[in-house]
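Look for chain A in each of the two complexes below; its partner is chain B in the first and chain C in the second.
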Partner chain A sequence: MKYDTIIIGGGMSGLVAGIRLRKAGQKVAIVSAGQSALHFNSGSMSLLGHEQGRDVANPLVAIERLHPGHPYSKLGAETIRKYASEVAPLFAEAGVTLKGSAERNHYRLTPIGMFKPAWLTLEGYASVDDPKSLPWGKVLVVNVAGFVDFYPQFIELGLSKAGLECVSRTFILPGLETLRKSATEMRATNIARVLKDEVVLEMASQINSYLKETGSDTVLMPAILGLYDENPIRLLRSKVVKPIHLVSTMPMSVGGMRAQMSLCKYFQKLGGTYLIGDKVTAGRFEDGSLKAVSTQNLGDMPLEADNFILATGSFFSHGLEANPTSIYEPIFGLDVEASEHRPEWCDMDIYKKQNYMQYGVVNDDDFHVFLQGRRIDNLRAVGAVLSGCNSMKEESGGGVSLMTSLKVADDILNGKGGKK
Partner chain B sequence: MDNKFGKKHYDVIVIGGGATGAGTARDCAMRGLKTLLVERFDFTAGATGRNHGLLHSGARYAVTDQESATECIKENMILRRIARHCVEDTGGLFVTLPEDDLDYQKKFVEACMKAGISAEVLDPKEALLIEPAVNKDIIGAVRVPDGAIDPFRLTVANVVSARRDGADVLTYHEVVAFEREQNRLTGVRLRDTRTGEETVEHADLMINAGGIWGHHIAELAGVKVNMFPAKGALLIFGHRVNDVVINRCRKPADADILVPGDTISLIGTTSTRLPYDQIDNMEVTPEEVDILLREGIKIAPSLAYTRILRAYAGVRPLVAADNDPSGRTISRGIVCLDHATRDGLDGFITITGGKLMTYRLMAEWATDLACKKLGRTAKCQTAETPLPGSELDKSYGPEDHKKSHIIELSTDQKAAEGRHGSLSEQIEYKTEDDEALVCECEQVSVGEIKYAIEHLHVGNLINLRRRTRMGMGTCQGELCACRAAGILVNYNKCAERTLRDLSSFINERWKGMYPVSWGETLVEGQFMSWLYEGVCGIDQLARPEDLIDAK
Partner chain C sequence: MNYQEQNISANNFEDCIKCTICTVYCPVTPFNPNYPGPKQAGPDGERYRLKKPYFYDEALKYCLNCKRCEVACPSNVKIGDIIQSARIKYTKSKPSLRDTMLANTDFVGTMSSAFAPIVNATLKLKPVKVVLDSVLKIDEHRQFPAYSSQKFTTWYKKEAAQKQDRFANHVSYFHGCYVQYNYPQLGKDLVTVMNAVGYGVHLLEKERCCGVAKIANRLVKEATRDANINLASIRKSVADNRVVLGTSSTCTFTMRDEYPHLLHIDNADVRDDIMLATRFLFNLVDEGKVKLVFRKDFHKRVAYHTPCHMEKLGWSVYSTSLLKMIPGLDFVALDSVCCGIAGTYGFKKENYKYSQEIGSALFKQILSERVDAVATDCETCKWQIEMSTGVHVDNPISIVAQALDVEATMKANGVSI
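And now, the complex of A and B:
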């Protein structure tokens, strides 16, 4: 089978690149193992949230101060500014509403009541401009009985630190009784799966009665609705008499899964081929080019393409792997930027900088990768598999994925450094 | 200055919340002594919680130390009776690898027989049928009555027993000084290690059961007990590789025992001399990890591709005798010191040396001496009386559960019963929410968490982990720690403290993962960072001093 571009990895960066290429008329296939970091998403994405331990106010300005090997430095602030403005419209086409600006970070409320800088936040999730002056008045925190992945007390603590009055209520939803009977079923995505409109309406009326009883001005609740689309969130917001915001829960992430599924559906609607549950096992290289890849399911039927994109993610997604003696890229054995000395990979304190987080495949200014020192002219890497940034300490994971995906897709379309 | 339990005067104060201290408190309380048990951190925070969890048959010591071997097999048989909910009768094999000397087997079997340890020589092929995980190239195998024992359950069962017989118990209370009148100790000055608050408790007799830390406790009393800190490192594998304990049939050396325990397997240990000032601060080095892995793979080749959950190290509380640099040839014999006759200091006993297997016997010796000094005549009953949770006469079991909404025991209820024995009857499933799972890896329910918080001296997440195994499974607490924190905060009503506890709990889990951070362990570690730092932002709260709670 022959494609214009084959993308290895079906998470956010692979899908965004795929959508971009497909919209320009390319024949595109994505090979996805089925897991995506979006499944564990916080409800927001950040471009650059932290700089040397401090919150970044304007990411586009702070980006200019990053070290030269950083993916953002390779892109340059102007390119980032341009692409950053294209992300929300692209997601909107896929049915995912994102709010925020690259000119100025906002803050999202975390599951334990902290505030973290963010660039784009999913529809319905709690976010504010300034955590020191919260616009919410008296807050009612509601939870569903039996749901143990949401922590009203911690959120109350976070809000009380900002001087807000808070009350919490737990309600029983008759529509969830079947789920509650099974010990493992009360997880956010399972709840979201069964929250039919009539249950959402029941929820709204219970919340309204708590609002009346407590005299609260704003409602916060766990993000347990809107798995397939944003309609349940809109319905709830239209029925609850005060503003209501969602707080992300512990995994799985309902909003993140919605984003993943929506992007995937959109890519397929555009005519892209999405091979889910498959895995690229090897590649055929000739004269510094990748000619074809073989996959687990397709066996001896190789997938050929003019261009390939590696969007396999970090260790977490198995885009990188480690054994006791080395860190490697498991599909092709690409050149990797990582210490060969195991004790240097990690710090004993989990909250300190972990060196392994910035390991990744060696790449040039256009994100071409290398095999045994030789640049592969039609294989580029995007997102978390790239070396050069510590997305945890920088709060830059989402942005790096999106910016590099859009850039690489455009380079392929423009025939830059490879074949058209 | 108020004491914690009113103006009580105790017969004995037992210092140290490991198996020996808890066992001594049980024995003292059973013999009618008014007993206070004090521990500076949590039960099992020292060597008790950092070993193989091996129910030794004694075979390992048979060649080098007959006395220990004999004690071991006797206690092995006793523990099978009195602590059946803490013991798993896995059986054990001593295997000879091609690189080992088969002549040692003969010497080994003879020594076992002499110590009263059943040692059956097997055809290596038969051994492979009994334990398919063992290296198929073995040239010899001997079957011995080894087993697995859960030191956390064992210690807590002793505490519960002591409490039932009237003992008072204080965790997170460190002895910072002794009260004395001339040449007699009359009490202890305790500091609450969480609040810094100091109190004084009085007793006729103090029993130092502090393990390796007993060295320092003795110093506080003004006497010298020279301890020999020997560090032993172990690796925990992510699933039960073997169902039978596998030992190398050779002179005790590094990494020659692989023990199955609950859902995991453990390989250990190494043995290195440690400066005394390092005993609270143990790190497993890359070299130790490499040795354990290299030698472990020889015993069970599948370890090469089995995920390692974590690495940890404990300190053997050996009493210094000779100048052996490894500490391995020292007898693990029990040392029971009456400081009145030894040092002219009355009201003070030290019980040390020994090992987890002989904790009960150590407790018996210490309590015998205590009774003698206090003029009491009650006899020891700990070898016959089952521990709470292990009562045999009490009819309980799946069919006896009459709880209205439970048709049959769910997986988590069965797991809870495995952990708490007959005590699991006290776990209440009042509402359906109590059946919700907190820890999916180890099947710990909300009800079990609540039971542990209410009845088993739980103030923080690490205490909870030790009582229930929550967070000990493959995800290492990633998903359950937050849930458990959400329940704990309903009891302590302090969200700030609970969040900081959560942050240090996650860091403590990572501390065991980072020495083996490759493969799936690194994946799990990155996921942990992603969730707690990335999604939650808990790093904003993390402070170094919170690690005090993580002990």
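And now, the complex of A and C:
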């Protein structure tokens, strides 16, 4: 089967590149082995949150100070500024509302009651401009009885440290009776399936009565609604008499799943082919170019294309793998930037800098990858599989994925950076 | 150093990272509170069962064996296989008369075809359905597929067999119970299409039910017997350079993957030669080996539904690409979700309600798209969707046959028979 571009990996990076290419009229297929890191998303994308242990106020300015091998340094601040403004509109087309600015980080509230810098935040999630002056007044934290992936005590502790008065209440919803029979099924995503229409109205009225009882000004609740679209969130917000915000829960992330499903649907609606549950296993190279890839399911019928994008994520998604002696890229055996000395991979102190986090495939200024030192002209890498950034430490994961995907898609469309 | 690899069991249950992604994509969990869900029923439960079979939970019978959990799992855990293997290994009770009846699709089919008009009439009668419901626990709301009075093979031997040798190329056809007893038209359509592009279609020397229903109802001995008979014939066919085509995603999936995974029968030598007709045909066209010429007066709005086993096979791209080749076809992609029937599952009284709830999202989408027909590669999906929406359902091969200009196609491929 022949396509213009084949994308390996269907997480945020692969989908964003796919949407861009498909909108420009390319014939595109995405092959994705399993679900992606978006399922664990905090409700926010970060562009650059930390710099040498300190919070970043203006990511676009701080980006200029990054080391030369960083993906952002390869893109340059101007390109990043341009693409940063295109992300929210692109997600909006797919039905996902994102709010925020690249010139000024806002703060998201973590499940353990701390505030962390963020760039774009999903509809409904709690965010503030400045954690030192919270605009919330007295806060009511509500939770559904039996839901254990959310800890109101941590939120209360965090907020009281910031000087806010806080009360918490739980409520019982009739629609959740069946789920509650099996404690392990009281997961955010399962609850979210039930929380719509009348159940949301019932929930709103219970929250309103708690608001009255406690005299609170703002409500915080776990992000357990809005799995398929944003309607339940909007409905709830319109019925609760005070401002209400969502706080991310322990995984699964309802907002992240909504983003994944919406982007995937949008890509398919645009006419893209999405092969889910299939795995690229090998490639056929000729003269410095990748000609075709084979997959587990398609067997002896390989996928051919003019261009290929590697968007397979990091260790978590098996874009990179490790055994006791080496770190490698499992599909093609591409050149990887990683220490050959195992003790250097990680620090036993989990809170210290972890070197393995910035390992990834070697890539040039246009994100082309290398096989045994030779550049592959039509295979580029995007997102978490790239080397050169420690996205956990820097809080840059979402941004790196989005920026590199848009850039690589545009380079392919402009016929740039091909054969040298 | 591969000690890690050697520590992983066949179904990878040790690879589970407890992320719960599978739970989210299981069609049963949201509707059936008694089902523990794929993570708990699969890798979590397996840990306990390996220690003591006592931990086996009868609620595993609610699993549809749809494998959507496996498709979603990022860690390649064979969740569905773990669950089905556990059912086979640990269930104490014998399969009931009803389960045995539902599972023996070929035996019941043989009986029914012989008396088709009577069977069709009686299965529609209220008193008969009430007896089925109360005595056999087959839900009275379920509409039974009609039985055809002429079996596919009877038609084939009478009308098609003689000329098949005259074609330049050859394939074998695993028709399955559904084409044989309920809907021979699909088999006829396949013969029409393949003949038009210059391929003779042959029956296997012997064909038994693929065994999917027997496996689901734990009749493992019978399923294994049938599987071995099928594989022996498939091997003969492959030795004659004839790949084996199916028109049912479930039969094809069962013979390729459930034989080795659940029945532990090695089919590695012929697995790649068992495939869906849409895959084979698409590839012929894609490689420029054959041409399809379509009629100018064919106009239909068709929505494609991805059966669960098709999702697992990862082959819907072939069926949909074929459909998209038809100029007069207005293609609609439906969300890939389970229709709820899962073979014999939805026939059982204890499952009927869940079955319809699981499918409800799909039925709603189909009705809202205002299509002329739904296309899908699975026969039980067809029954379920037709019963629940009233919209006509056809196999992609039948739709290709309807849209094909047979004479022009034969001419374009230089076929003169």
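In the analysis below, the second predicted complex is superposed on the first by the 418 of 420 C-alpha atoms of A that agree within 3 Å, B and C clash if a C-alpha of one lies under 4 Å from a C-alpha of the other, contacts with A are read in each partner's own complex, and residues count from 1 in each chain.
As a working rule, a residue touches a chain if its C-beta (ideal position, glycine included) is under 8 Å from a C-beta of that chain, and two chains touch if they have at least 3 such contacts.
All figures in this text were calculated on a predicted structure; none of them were measured in a lab.
S.K.: Given the touch rule stated above, what does A:M186 touch, chain B (first), chain C (second), both, or neither?
M.R.: first
S.K.: Identify the partner contact of A:P343: answer first if only chain B is touched, second if only chain C is, both if each is, neither if none is.
M.R.: So A:P343 only meets chain B here.
S.K.: Examine A:Q52 and indicate which partner it touches, taking first as chain B and second as chain C; both and neither are also allowed.
M.R.: neither
S.K.: Which partner does A:S238 contact after superposing on A: first (chain B), second (chain C), both, neither?
M.R.: neither
S.K.: Once chain A of both complexes is superposed, is A:T273 in touch with chain B (first), chain C (second), both, or neither?
M.R.: A:T273 contacts chain C only, not chain B.
S.K.: Please indicate which partner A:Q372 is in contact with in the superposed arrangement: first for chain B, second for chain C, both, or neither.
M.R.: Touch partners of A:Q372: none, neither chain B nor chain C.
S.K.: Tell me which partner A:P251 touches in the superposition: chain B (first), chain C (second), both or neither.
M.R.: A:P251 contacts both chain B and chain C.
S.K.: Where does A:P324 make contact in the superposed view: on chain B (first), on chain C (second), on both, or on neither?
M.R.: A:P324: touches chain B and chain C.
S.K.: By the touch definition at the top of the document, which applies to A:S133: first (chain B), second (chain C), both, or neither?
M.R.: neither
S.K.: In the superposed view, which residues of chain A touch chain B and also chain C?
M.R.: 40, 181, 184, 251, 316, 318, 323-324
S.K.: Hey, which residues of chain A end up touching chain B in the complex?
M.R.: Those in contact with chain B are residues 37, 40-42, 110-116, 145-146, 148-151, 153-154, 156-157, 180-181, 183-184, 186, 248, 250-251, 314-316, 318, 321-324, 342-343, 345-351, 354, 356-357, 392, 395, 397.
S.K.: What residues of chain A sit close enough to touch chain C in their complex?
M.R.: Contact set of chain A toward chain C: 1-2, 29, 33-36, 39-40, 178-179, 181-182, 184-185, 187, 189-190, 193-194, 251-252, 257, 265, 268-269, 273, 275-278, 295-301, 316-318, 323-325.
S.K.: Could you please specify the touching residues of chain C with respect to chain A in the complex?
M.R.: 1-2, 4, 19-21, 23-24, 29-30, 33-34, 36-37, 39-40, 70-76, 272, 279, 283, 286, 311-315, 317, 321, 333, 335-336
S.K.: What part of chain B is in contact with chain A in the complex they form?
M.R.: Touch list, chain B to chain A: 283, 286, 289-290, 293, 410-412, 432-433, 435-438, 440, 445-446, 479, 482-483, 485-487, 489-490, 495-496, 498-499, 502-503, 506-507, 510-511, 514, 517-519, 522-523, 525-542.
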